[in-house]
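Heads up, there are several structures right after this.
Below, subunit A partners subunit B and then partners subunit C, in two separate complexes.
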Partner chain A sequence: MLTFALRRAVLGILVLITVSVLVFVSFRFVPGDIVNQQLSEAGAVTPELLAQKRAQLGLDKPLLVQFTEWASGVVTGDFGKSLWTGRPVANQIVTALVPTMQLSIVAIILGAVLGIGAGVAAALWRGTPGDMILRIVSTVFLAIPQLWLGLLTLTGLAMIGYYIPLPYRSFSVNPAINFQQVIFPAVALSLGVAAALSRLTRSAMLEVTGADFIRAARARGVPSSRLYIGHGLKNALIPVITLLGTQFGNLLSGTVIIEQIFNIPGLGNMLFEAVANRDYPVVQAAVLTYGVITIVVNLLVDLSYGIVDPRIREARS
Partner chain B sequence: MSLALTTPDATHEAQPPRRGSRIIAIMRGLLRDEVGCIALVILTIVLVMALFSPLITQYDPLFQDRRAVLKAPSLAHWFGTDDIGRDVFSRVLYGTRISLFVGLTVVVITMVVGGMIGMISGYFGGLVDMVIQRIVEALDTLPSLVLSLFIAAMLGPSVRNVIIAVSLAQIPRFVRIVRSEMMKIRGQDFILASKVIGSSPLRIMLTHGLPNLMPTMLVIGSLAFGIAIMTEAALSFLGVGTPPPNPSLGTMLSHGTRFIGVAPWLIIFPGLMLTISVLALNLIGDALRDVLDPRQR
Partner chain C sequence: MTPGSATPMTPMSAPSYGQGSAEPTVLAVEALAVRYGDMEVCSDVSLSVRRGEALALIGESGSGKSVTVLAVTGLLGRGGAISRGSVVLDGEEITRLSEKERRRRGLFGRRIGVIFQNPSRALDPVFTVGQQLNEALSLTGLNGREALRSKAAEWLRHVGLPDPEEALDRYPHQLSGGQRQRAMIAIALASEPELLIADEPTTALDVTIQAQVLNLIRRLQRELNLALIIVTHDFGVVAAMADRVSVMYAGEVVETGSVTEIIRDPRHPYTRALLGSLPTGQPGARIEALPGSVPSAGTMPTGCRFHPRCPAAVAECAGEEPRLEPASYGRVLRCLRAEELAAYDA
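Showing the complex of A and B:
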């Protein structure tokens, strides 16, 4: 199990290196760098001034040298300084990562509970109006863009005269305000996840409950609640966990939008501003952070297969 | 279920694919499918609204009527008006037009580019496959909206750049699926036979690979269409998508956030149109899967 995890971690690092190279190279080939952005507002810009500023920020060096310098910093945990604010990027990332992760984790838990619950219910009630309604609702929610769901939530809250308190407060500073700020966007994010999960859970459950071992358990007189949850769901869980991992990626995409709508100063917000400002170190670090999150989630998904299914655990050791 | 559809692989080997009859067969299958029928009806309505918008509404989506500012939906303005007196209904229609145009272009680009790369990767294997897969893996590590946002913000707001940004985020998934399908059929007898009589790899991919991969590509293509529409709206909402004054659904939503609680119709109708379009495309995808691959049912 440990060697498996280690091997996956090494592969993950290789992927991250590829990501960094791609981002680094593509970003520098685009016209209009930070020096242009910063000095475009000031009048009387001479080519000498531009060159001087570039030299000061180290942007005049060959690309390979720039990349090596950046990469050697990253290895020691130094992500450089923001070209715009001059603050260390690592601090900025950590500050922005907290709200994004809080939002995503609350949303994925809500989504998993709702989705798996609805899926099991639909499988139990197969062919009844309840099943029909659940299937229609999940199909519709799968098509609603997170963007619209977020805005509808705000509209609905405004209609009943409730406005989410601003500005953003972290959980450690003010839990009560933080809760109000996180719960609504988290619900808006979770519904899409729940819709996708419930569809898959339903079909996975139906497939499993048709199997012989369920019939055998029923014949032995196992009560149907335990039959469905203990025997059925447990065996239907592998595809559900896989989808949960994929959905986490969608959720992260959603946070970029939802953070903007609900004024949450997260990673998406930071990346958005940094790209517009051509703040290379911040963009690099933000993109890398998203990569790390995805790789960690994928690793967790892979490890959990072993927990759910002993056969996979055996095969790996 | 028609006979030709239940055995898609067999028909290819027995006779050269006749494109026309195949499309008709797929359409017939969709119409026989309950979900497919509903989806086709919704999609037709959306398409008619988008294509014939000038005939449906007499309002210019850019015309500002200063005497009718922030009016609630009424008989004169079905979806109300915005803060500078533009008719929301006609803006929604023209916005849908742009959404569908971007979505369709993205799907075509993704299917051609992603399909080609995926087939090459799956057919040749080896070093080519290795290099392609590492790049795909890297792109796949980033959440799709993060990747699109990065590219769109880097290139600047224009319809062309949105198409590039959204396509690049969709291609990796396409490559992965097409590659694995190609690997499945690579070793089959009809491909070997074709190789033996001296067909070039390109010929094998186009005449044997493509027809066999088409069902899968159509299904993920219709889902990608929906995702593309949503991503376009998201990018426009963030201000790096379709530039104003083009009436894009995402830009309209972003505009509407300024009047939340005051003019909910600015949020409700563009979003509703967006959802209906995506819903229709998702349902088509579901139905296509049922029609093209009866084994999965």
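Showing the complex of A and C:
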């Protein structure tokens, strides 16, 4: 178990290094660097001024040198300073991480509950109108982009005369307002997840409920609820958890736009602005954070296999 | 129910011969037919079993023997339904009960226990043996962690699992095939049913442990005075396990009688062919193979279903459907020429 976790950790670090290099390099090839952005408003910009500004920010050095400087900072916990505000990036990340994590965790829980619930229901109602409706609804939500769903939610709320209170308040400051601010974007994010999960859960459940051990459990008088939720769902869960992990990644990328739409000062919002402003250290730190979250989620998914299935647990020990 | 109160439910066509037993009939199946959609997989099955009695149901694959017991247990699954006939348990008509009603009447587990063919597939891989045993035990009204655990361990000891306490916390894959089937037997019996159904309980096991498992089932059946139906395709199992045997062919029971009588003196041409196809153990002795195979539901021959393969078939056999009837010499069989052939033998 320990070697398993260690191996995963090493692998995770390799992934993070790769992601960092890719983002570092590719983003520098995006036309229009920060100096252009910053000086574009000003008049009388001379090439000398641009060069001077670049030197000041250390952007004139070779890319490899810049990367090494940045990476050695990261290793010691120093993510540098924002090129725009001059504030330490690490602080900004930590502040922005809270709303994003809150939003994505609420959304993934909603998505998992809705999706797995709908999938189990569809499997039990197989071939009935209920099953049909659930399958059509899930296909629809699978096809709708989160972005559009977010806009639609806002519009829909406005039409019934409800406006989400602003500005953003964190849960610890004002839970009531925070709830209203988080629940709608979370729903918008969760529906796609739920749609994908429900389809997989349905097919996994159908496969399991045809198994001999379900028939045997029924024969020994196991009540329906325990038969389907205990024996059925627990056996169908492995592929569902796998999808849940990948869906969390999707959901996380969805937060970038959704936070923008719903004015949530999270990591996505921060990244969005940093990209527009070519604020390199902020972009790099944000992407690295997303990477860490994704890796941790995948690790949790892998660990949960062992909880669900004793055979996997054993193979690892 | 006391031994003296034998119900009049025993159908005419399937009496218990050779037993002279006053034990009550536990299960009586009468002219049962089962359909999966348009396919009639089982057409005319009559059988009965008394308390303390072991009935073997023998036939080739596709003869409908497993479907018969699934129909009795209410486990036919999607698309399967009883289309004719009746199933009576303890004088109680249970032919067309819904799953909910079956549950309410305790037909699952509490009154009918089932041992399945393949214990590796019939035990849930992600639950421990103890958890699955508890599900059956809780039907008896037993509760409380300690009580359940000690009773569960007692059952595992009873079926001969080494280290019963430890085995409770094991998952099915951590046991050997034979141990799994022993656990399965414990689970089937833990709810204290009066009827035990074993559907080819040793087919999936190694030859070396088949005898152990069969002996265990037989011993427990006698100890607990259970009615037992054992489904098999192996006359060796019939001889070792059963008091009476019903022979099935193409969805119908063709002959029923006591095991000793049928093995010594099979009457139906199919039973004879089945016994004749057993290896004798003599080196060089030819095995009489029965030509052809069991007809499938779509291609059932007219008249007697066995006539195309029957060595004793005559012209009428293709035209007239024989009924399952008591023969003069104390046997129930389905053959137009039963009396004729008996006279010829004599």
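Basically, the second predicted complex is superposed on the first by the 315 of 317 C-alpha atoms of A that agree within 3 Å, B and C clash if a C-alpha of one lies under 4 Å from a C-alpha of the other, contacts with A are read in each partner's own complex, and residues count from 1 in each chain.
One rule holds in what follows: a contact is a pair of C-beta atoms (placed from the backbone, for glycine too) under 8 Å apart; a residue touches a chain by one contact, two chains touch by 3 or more.
Computed from a predicted structure; not experimentally measured.
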* Room on subunit A for both subunit B and subunit C (clash or fit) -> fit
* To do: Classify the contacts of A:N235 with the two partner chains as first (subunit B alone), second (subunit C alone), both, or neither.
  => second
* First (subunit B), second (subunit C), both or neither touched by A:T155 -> first
* **Angle at subunit A between subunit B and subunit C, C-alpha centres, nearest 10 degrees** => 80
* Give one of first, second, both or neither to describe whether A:R218 is in contact with subunit B, with subunit C, with both, or with none. => second
* Touching A:V15 in the superposition: subunit B (first), subunit C (second), both, neither? -> first
* Winner by number of subunit A residues touched, once subunit B and subunit C are compared -> B
* Asked: Is A:D309 in contact with subunit B, with subunit C, with both, or with neither (first, second, both, neither)?
  -> second
* For A:E48, is the partner it touches subunit B (first), subunit C (second), both, or none of the two (neither)? -> neither
* Closest approach of subunit C to subunit B (Cα atoms, Å) -> 17
* To do: Could you list which residues of subunit A make contact with subunit B in one structure and with subunit C in the other?
  => none
* Structure fact -> Residue positions on subunit A within touch of subunit B in the complex are 14-16, 18-19, 22-23, 26-27, 30, 139-140, 142-145, 147-148, 151-152, 154-155, 158-159, 249-250, 252-254, 256-257, 260-261, 268, 271-272, 275-276, 283, 287, 290-291, 294-295
* Structure fact -> Touching subunit A in the complex, subunit B uses residues 134-135, 137-139, 141-146, 149-151, 153-155, 226, 230, 233-234, 237-238, 240, 250, 253, 256-257, 260-261, 264, 267-268, 271, 274-275, 278-279, 282-283, 286
* Structure fact -> subunit C residues touching subunit A in their complex are 73, 75, 77, 103, 106, 108-110, 112-114, 116, 118, 121-127, 132, 135-136, 139, 171, 173-174, 184, 187-188, 191
* Structure fact -> subunit A residues touching subunit C in their complex are 211-213, 215-224, 226, 230-231, 234-235, 308-311, 314
